[in-house]
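In the two complexes below, chain A is the common chain; its partner is chain B in one and chain C in the other.
Then we have the complex of A and B:
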C-alpha cells in the first residue's frame, strides 16, 4: 500500500508522439506531463479536443504506451510491461477504465450479469457458487435492479449502460479508476446521477480517480485537483476550485470564459479564441 | 394490447422482416430439403447410382426412371440424389477451410497493421488480377487432380477474398471501445480476437459466406466438369453434366439438364438466403 508520503500514481515527464502518416511530421500528443494522484483523490484533466487528455488516460490504463517518462502505480512501473498473463492481470487490477461510449464499451452479445461475471472470473474473484451473490452486490452498488442483470446492453438506457460499465470496472477492486469523458454522452440529469454514484464509490472504497472531461462544471463537481492541458502540455495545475474560479493561465481563462451559460455570447468567445491564437502563436484545434 | 405484445415479440425475435419474405423462406426450405436428401440419399434413392444397365441406355423419363437414365443406363434420379452429398460437402469443406484461414489472416491484418497488412493487400491484389480458375488449375497441375485437391485449391483462392472482407469489418469492430475494455480488464489480444471480436463480427460475415458457398459449389462443379475435380464413377453434379453432354447431339438432354438444373437451383437459393441475411444483419448492426 502507498503511504501518505508516496502518492498512489506518480507520472513523471510523460511524452507521447504519434506519426499521423508515413513521412509526415510526428504530432506531440503528450509533452512532458507530470502529475500525482493519492489514494482516494480525484484528479481532473481538462482541455479541448486534441489536448492530449485522453492519451494520458489511455497511457495510465495501459492502452497506449509512452515514448518517454515514467509512470508508477503503487510503486510499480506501468510502462515497462511484462507480457505474461499474470503481469497483465496485475496491471488490470491496479487501474480500470470507464469509456465515453456506454453502448460501445459493452460487449453487445453478453448480458449484464455475464459481463460482470466474466470480469470477476478472469481475475479469479468469483467462484461458480458465489458469482450470483457478487453480481447482485455489484448491481446494488451501482444502483441497478437485480432483474437488470439478465438484460443485454441494447435493452438498457445510456445511464444504465454506464452504470454497468462502472460496475465492471470496480468488480476487480482497482486502486485507480480512469474515466475518459465518462458522462459526456449522457443527459444532464443522468450525468448528475452518475456523478453522485462516482462520489459514493470513492467515499466507500477509497479509489483514486483520473477524471478526463471537457466539461468544466462536471470536473468542478467530482475532482479535488485539476490539470489544464494545452497542446499536450500542462499549462495550469492546482486545486480545482482555484483553477476554475481564478484561472491564471490565459488558456484556462479562455476555457472558463467559453462555458455556455446565461449571458453567454458566442461571438465574444470566437473573438477571444482568435486573440488567444494570435498571442500564443499556436492554433487551437 | 395483443397486437403490441405480438409486435414486440416479433421485433425481439427479429422475425418481422423474414416472415413477410416468402422468397427467403422458400429458399431456406428448399435448401433444408436438399440437406435432408444429402443425409438420407442412400435410403431414398430407388437404384444403386453406379448400377449400369445396357438395356436402358438414355431411357426417357418413365415410372421406373422418373428422370430417365444416362449413357450407361444408370438411373439419373438416384445419381442426382447421391450426388447431393459430394456436391454439398465439397463447397462446405472448402468454405470452412477458406473461412478459418481468411478470418485469421484478416483479423491479424486489421489488429496489427504493419507488414502483415501490406502483405495481405498485395496478395489480394494479385488474386483479384489473376484469373481464379487459372490459379486453381495451377495448384491442381502441381498437386494432381482429384476432389481433395480441387477443394484445397479453391479454399486457397477464396481465403484472401475472405481475409480482405474480414479485415474491413474487423477494422470497425476493433475500433469499438469494448475491445479496449477487454484489454483494460487484462484479456490477451488473441483471446479478445478469437472469443469476442469474431463472434461479434459473425452476423456481418454470415451472409457473405453463404453467398460464397454458392460460388464454391459452382467452382467445384466447374472443376469436375473440366475433369480436375470429382472422378468417375462419382455422381458429383458437375461431373454428371460433363458425362451427360455426349447425349446432347443425339437429342438426350436429360443427363445434362437434370444435374445442371440442380446446381442452378441450389446456387440461386443460396444466393437469395445469403443476400437477405446480409441485408438483415446490416440493418441490425
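Then we have the complex of A and C:
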C-alpha cells in the first residue's frame, strides 16, 4: 500500500525514442518526463499529436517500454519485467486501460457478461459461484441494465460499449486506470454521463486516473492536476484549474486560445502559433 | 444566378418504414457559413449525402434540393455528374480515406480537372500548385510528387480542400472536416477556408458536433434531432439565444474551460 508520503504512481525521467525508418533520425517521443499520481487522484495529459501523451499512457499501462527512467506503482517497479505469468498478470491487473474505441477493444464474440467474467477469471478473481453476483454489481456500477449483460458489442451504443470497457477495467480492482481519449468519440450528452461515472469510480474506489485527452474542457472536468506536453517534454505542470485558466507557458497559452469560444478568431490562433514557433524555434508537427 | 446556393426544402429520407430525415429545410447563401449541429444519428451526414444523392438505391427521397439553382433530385445521370463535379465539393473527416494511398498527391489533386473538365495536364498542374499554395502548403512542388503517407493529417486535409477547389465550386459541404485535427491545425484550416470563402464568395455548409466551434465560426446554425431541424439560430446567439429544449440540453452538456455559460 502506498503511504501518505509516497504517491501511488511515481514516474521519474521517462524517456522513449522511436526509429521511424532505417537510417532516419530517431524521434524522441518522451523526453525526461516525471510525474506522480496519488491514490484517488486524477492526472491529465494534454498536448497535440506527437506530443508523447499516448506513449506515456502506454508505458504506464505496460504496453510500451521506456528506454530510460524509472516507474513504480505502489512501490513495484514496472519497467523491470518479471518473466513469469504471475508477474505479467500482476502488472496487467495493477494498471488497466480504456481506449478511445470500445468497439475495437472489446471481443465482438463475447456478451457483456462473458467479457467481464473472462477478465476476472484471468486474474483468478471470480469463483464460479459468485461470478454472477459480481457481474450484476459491475453492471450496476456502470449503470447498465442487468438484461444488457446478455448483449454483444454490436447490440450496444457507443456510450454503452464504453461503459462495458470501463466495467471490464474495474472488474479486476486495478490501482490505476489509464484512459486514452476514452470519451473523445462520444456525443456530448453521453460524454457527460461517462465523465460523471469516472468521477464516482474515483471517489468510491480510490483508483488513480491518468486521463489523456486533446480536449481541454474535458480534462478540466475530470482531473486535479495537468501536464502539458510538447514534443515529448513537459512544458507546464500544475493544478488543472490554473494551468487552463492562467497558463504560463507560451505553448499552453496557444493551446488554450485555440479552443473555440466567444470572440475566437482562427487568424489570431495562426498568428499566435507563428509567434510561438519563432520563439521556441520548434515547428509544430 | 439568383437565390441560395444550396436550397433544401422539405427533404425527407426513408428506407422502407424507417424514417431518417423528416421535412428538412435549410439554405446556404453566397459567401455564407452555415452550421449543421446535432448528435450522432441526428441526420447531419444523411442530409448532406441526400443533397448530393450519394445514397444507396433503396433510399426513398421526397422534397427538393437545389444547388446553384439546379434541381438535384430530378436530375438525370449526366446532369447529376455535372452538378457534382462543377457546382459543389464535399470534404469529409478523414483525408486519408479521401486520397488514394498509392497515388501521388498531385495526381489526386488534379484528377477532376483532367478527367472531368478536360484541362491539359501542364495547365492543371499549374492550377494545382497555385491551390496548394493558397491552402498554405509549403514547398508545393515537393508535395505534388509525394504520397499521402509522407504528409501529416493537417497537410492532407489542406490537400483535400485544394482538390475540392480545383473545379471552382460555388458550394462546399464540410462534414466534420476539421474534427480530427489538432486545435491549432484546425484553426489554420478554418482560417484558410474563411479566406477562400471571402475571395471566391463560396457558400459553406459546416457540419460539426462541436457547438463552441459552430457558435464561433458560423453565421447561422441549424440544430438537428432525430432527422428534423429543431431550431435555427444566428451563430453568435447559439449559446445565449437557444429556446428549444433539446438545443438547451445539448448546450448544457458541453464542457467548457470558459465561464460564459456556466
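Annotations for the structure displayed:
By definition in this document, the second predicted complex is superposed on the first by the 285 of 285 C-alpha atoms of A that agree within 3 Å, B and C clash if a C-alpha of one lies under 4 Å from a C-alpha of the other, contacts with A are read in each partner's own complex, and residues count from 1 in each chain.
Simple rule for what comes next: contacts are C-beta pairs under 8 Å (C-beta built on N, C-alpha and C of every residue); 3 or more make two chains touch, one makes a residue touch a chain.
Source: prediction; values computed, not measured.
When the two structures are aligned on the shared chain, A:209 is found in touch with neither chain B nor chain C. Once the two complexes are overlaid on the shared chain, A:191 sits against chain C while remaining clear of chain B. By the document's definition of touching, of the two partners only chain B reaches A:107; chain C does not. When the shared chain is aligned, chain B comes close enough to touch A:89, but chain C does not. In the superposition on chain A, A:269 contacts chain C only, with no contact to chain B.
In the overlay built on the shared chain, the residue A:63 is in contact with chain B alone; chain C does not reach it. When the two structures are aligned on the shared chain, A:243 is found in touch with neither chain B nor chain C.
In the overlay built on the shared chain, the residue A:254 is in contact with chain C alone; chain B does not reach it. In the superposition on chain A, contact of A:164 is made with neither chain B nor chain C. Overlap of the chain B and chain C contact sets on chain A: empty, with no shared residue. Those residues of chain A whose C-beta lies close enough to touch chain C in the complex are 48-49, 158, 187-189, 191-192, 195, 214-218, 220-221, 244-245, 254-256, 258-264, 266-267, 269-270, 273, 284-285.
Only residues 39-40, 152-153, 182-188, 190-191, 194, 209-213, 215-217, 239, 249-250, 253-258, 260 of chain C touch chain A when the two sit together in their complex. Interface of chain B with chain A (complex): residues 176-178, 180-188, 196, 199-200.
Within the complex formed with chain B, the residues of chain A that make contact are 58, 61-63, 85, 88-89, 91-93, 95-97, 99-101, 104-109, 119, 122-123, 165, 168-169, 172.
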